[in-house]
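Okay, so subunit A shows up in both of these, paired with subunit B first and subunit C after.
Take a look at the complex of A and B:
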């Protein structure tokens, strides 16, 4: 019998991870940036070099300044995120389960959701004063909406077959909610948490630009006002790292909470 | 046919193109405030034109961006306040030159005031010493107002640590915060203190110039503009002439046609009403000479408080040769 080798003509569709390339690409970018700074093609005042930024960050860590700003920002972020997420889940579940809540809730959410939360900041300051409450409130509002909408969608999407199966096994109402509907809405809830995290970070920086004395957003604005561009870059790098950290930690949390989801 | 249309279009473009000017048009960055009066008057009365210079006025909303634009090469001349940002630009490796006076906080010249809320004033907050523990709004940290309130407090034996400085980024925002009692006091230039008193929610407790005179604003040259000495000198001659006219019309004798003219010109350029302009005409040296040692004091103060990393030798940032040469050329 003749042998006929078979070529996989769909081979071009498989995507390789290219793990090494990812790291190398990032490193190359940083190297190019350093080279540009050293060659003087862009003045160092306008584009600080990576080495300069690292040195400044080290100095700020040593003096404790960076930790003060980080602590202030993290406390606002975590508090606002927790409040917004908790309220969002509660409202989302209520609107998902109770027809009355849905009739009242969905128009209100639809009307208020498109308002850019940054635009609400001056109003919140008027209502809650210039202190911490207004900052935490704006972050909480920003997180609330994706959480409420995603939770509501997750609850509504619970597979009816699974619910009927639970009923068939004798589950009562509260058991169904706790053991079928809520767990099956967890993926949507976590998607909402991811969206909320991004929004929270954005609103944190905006909120810290008015009447605060510490925080990463404050650092960025303050350094910009003073033309301390290296410090400004440190602030931006820290914000980027905060974003990466929140993304990663939510990923781990998701794997813990939803072990049945395919990796 | 197509060729004919093309010819007509090309001719039209040629005719509509602006004629190249033999005049030198340096770009001058300023704020639309009363304190820019000498420059407005100089442009209006042709003092710059006499020396072959036609300044192109570029307006900004705040002082710090003007210094940045100058360092970036987008402006030839800047005429604005001295902030910590200015010094950080120089420390960051960019060159700019402080060349002439453009306004000082001076006794009996009402430019910047500390205003408290009326209720606090009624409750007994009447002097700087009473500001201990209060919230004071400024525009930005590192601004001229920040420097001023810091030094005023230190003169009273206090320091910035004894109060809470609240940066609100914009002057109207600071005034609104005072009105809404979200801060206890503000430090702002005219016309805001006047407006606070007129509207009834504020009381002026002190004028900056009476408590702490200093070189608040100067004229800067970009590295490139300063290197072109003839051009730079011509501009300075026009500026010194404008400064002398402003001084004689406004600062020495108050009444008269010249004073009214300066006020009218400034009102037109800034868009503010005449009574408001009259409130905030600042002091500057007749021949626009700099108060050099005060600039050294400022650098030391900012450094002491950690807003700039190291001091700057004055010779690396100040160049008085232009103003001296111009004053000499115009005769004393």
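Take a look at the complex of A and C:
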């Protein structure tokens, strides 16, 4: 039999990184947008140019207008997110670990989870007034559900062998929750934080379109009403950056919090 | 401390409502400072027996007693698991310290005692590694160090080396015997490996297939310290053959019934 060289038939499955392409693709999109805007095919009222948006953003930064809105939005976002996430973890652990809490919590969560949280905003305004609390509460509610459900799932997935090992070494309930159940739920908890971050941004903008005088959501709505399209676009870009920033910082936090995960 | 198992039975109920009798009327005593091996075919309830002794299960009938004075600050039992059962989020050192934490040992003392057993088990230099960064043999050393660190009166070992390759297993067996020579706990060592049981134990307790009960107790007359060359000695071979003849039929039946 003749000799045939053996080649790596799986070579085409190797995925390459294409780092440069990532940057080029984004840059090309912006360039095409700029070109369309400059060509004058579309009125500035409908599509302001990227350069125009940047200039407007710089102007708003200098006048302090952008920072006022950003600060207002960030404080609502962070406060609502923190409250919702903390409550979600506590409820998730309780429902996942204690039989009584499960019996009480599961039907309540199943009944309230499907409600679009934005529909609760008018009710929250009735209860808490037009001020900050109703905005923060609607964001907290939106974050609470994915957090509670993910934490619950994480608690349930805790390895029974590890729980038994902990008991064999004298651990009681509280130790088991702190030293076994919580650390093993961390990956699910972080997945919940990511889901919650998306929901929080959505609810923030919606809440800021009702009876407020500051915030990125207000900026977008107000600029739209006045047909200041460039300003509106600045608001949208800021929202995009907020989303990217929260995703990135959660990723960093996750790597810090879960150092035992194989890379 | 002695372990007394007095007519212990364990019946599991599965989801479909069938009940499985894992153990039935097990009577045995493990003496203080004795190295006892519990041997039996697959699915004979060996692990169930160990979990009963560890207080991780309730017997359906009968009782388990731990007999003897427990010095203050010592634990009655500690367990080494077949699947290691290390906490993946804890470094080797922190895993070894786990039981000491639960005993309320202060941090400095904890670190000192953990260090001692890390060195004893040949893990020095690997304290800050996470379990996933360690080989199977090293993981099980962490498991053994974690159990030894609480200085239990009774060490329970559930097929601790069965997940390891043959060479690593042989070395770990020798190390365990050397450590036991110094610490002298009562050891209840569960295995399905006859050679391993005979090589290590003072006495081999042979369990029947499910529902498990004590078929025989075989005293091993090999001197200590045990050495690898003893594996060829007539006493060793005779003990292995005697035990094999006891469980051969049981194992074959288990194989036929698809338990193994």
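What we mean here is this: the second predicted complex is superposed on the first by the 255 of 263 C-alpha atoms of A that agree within 3 Å, B and C clash if a C-alpha of one lies under 4 Å from a C-alpha of the other, contacts with A are read in each partner's own complex, and residues count from 1 in each chain.
By definition in this document, a contact is a pair of C-beta atoms (placed from the backbone, for glycine too) under 8 Å apart; a residue touches a chain by one contact, two chains touch by 3 or more.
All values reported here derive from a predicted model rather than from experimental measurement.
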Can A:25 be said to touch subunit B (first), subunit C (second), both, or neither?
neither
Give one of first, second, both or neither to describe whether A:44 is in contact with subunit B, with subunit C, with both, or with none.
first
For A:110, is the partner it touches subunit B (first), subunit C (second), both, or none of the two (neither)?
neither
Once the structures are superposed on A, label A:183 by its partner contacts, choosing first (subunit B), second (subunit C), both or neither.
second
Between subunit B and subunit C, whom does A:260 touch in the aligned arrangement: first, second, both, or neither?
second
Which partner does A:165 reach: the first (subunit B), the second (subunit C), both, or neither?
second
Quick one: is A:175 in contact with subunit B, with subunit C, with both, or with neither? Answer first, second, both or neither.
second
Of all residues in subunit A, those that touch subunit C in their complex
161-162, 164-171, 175, 179-180, 183-184, 186, 258-260, 262
Tell me, which parts of subunit C touch subunit A in their complex?
51, 54, 56, 75, 77-79, 81, 83, 85, 87-90, 98-99, 101-103, 130-132, 146, 150
Show me the residue ranges of subunit B that touch subunit A in the complex, using the header's touch definition.
64, 67-68, 71-72, 84-86, 88-89, 92-94, 140-143, 164, 166-169, 177, 180, 182-183, 307-308
Interface residues, subunit A side, partner subunit B - complex
43-46, 125-126, 129-130, 209-211, 213, 222, 225-229
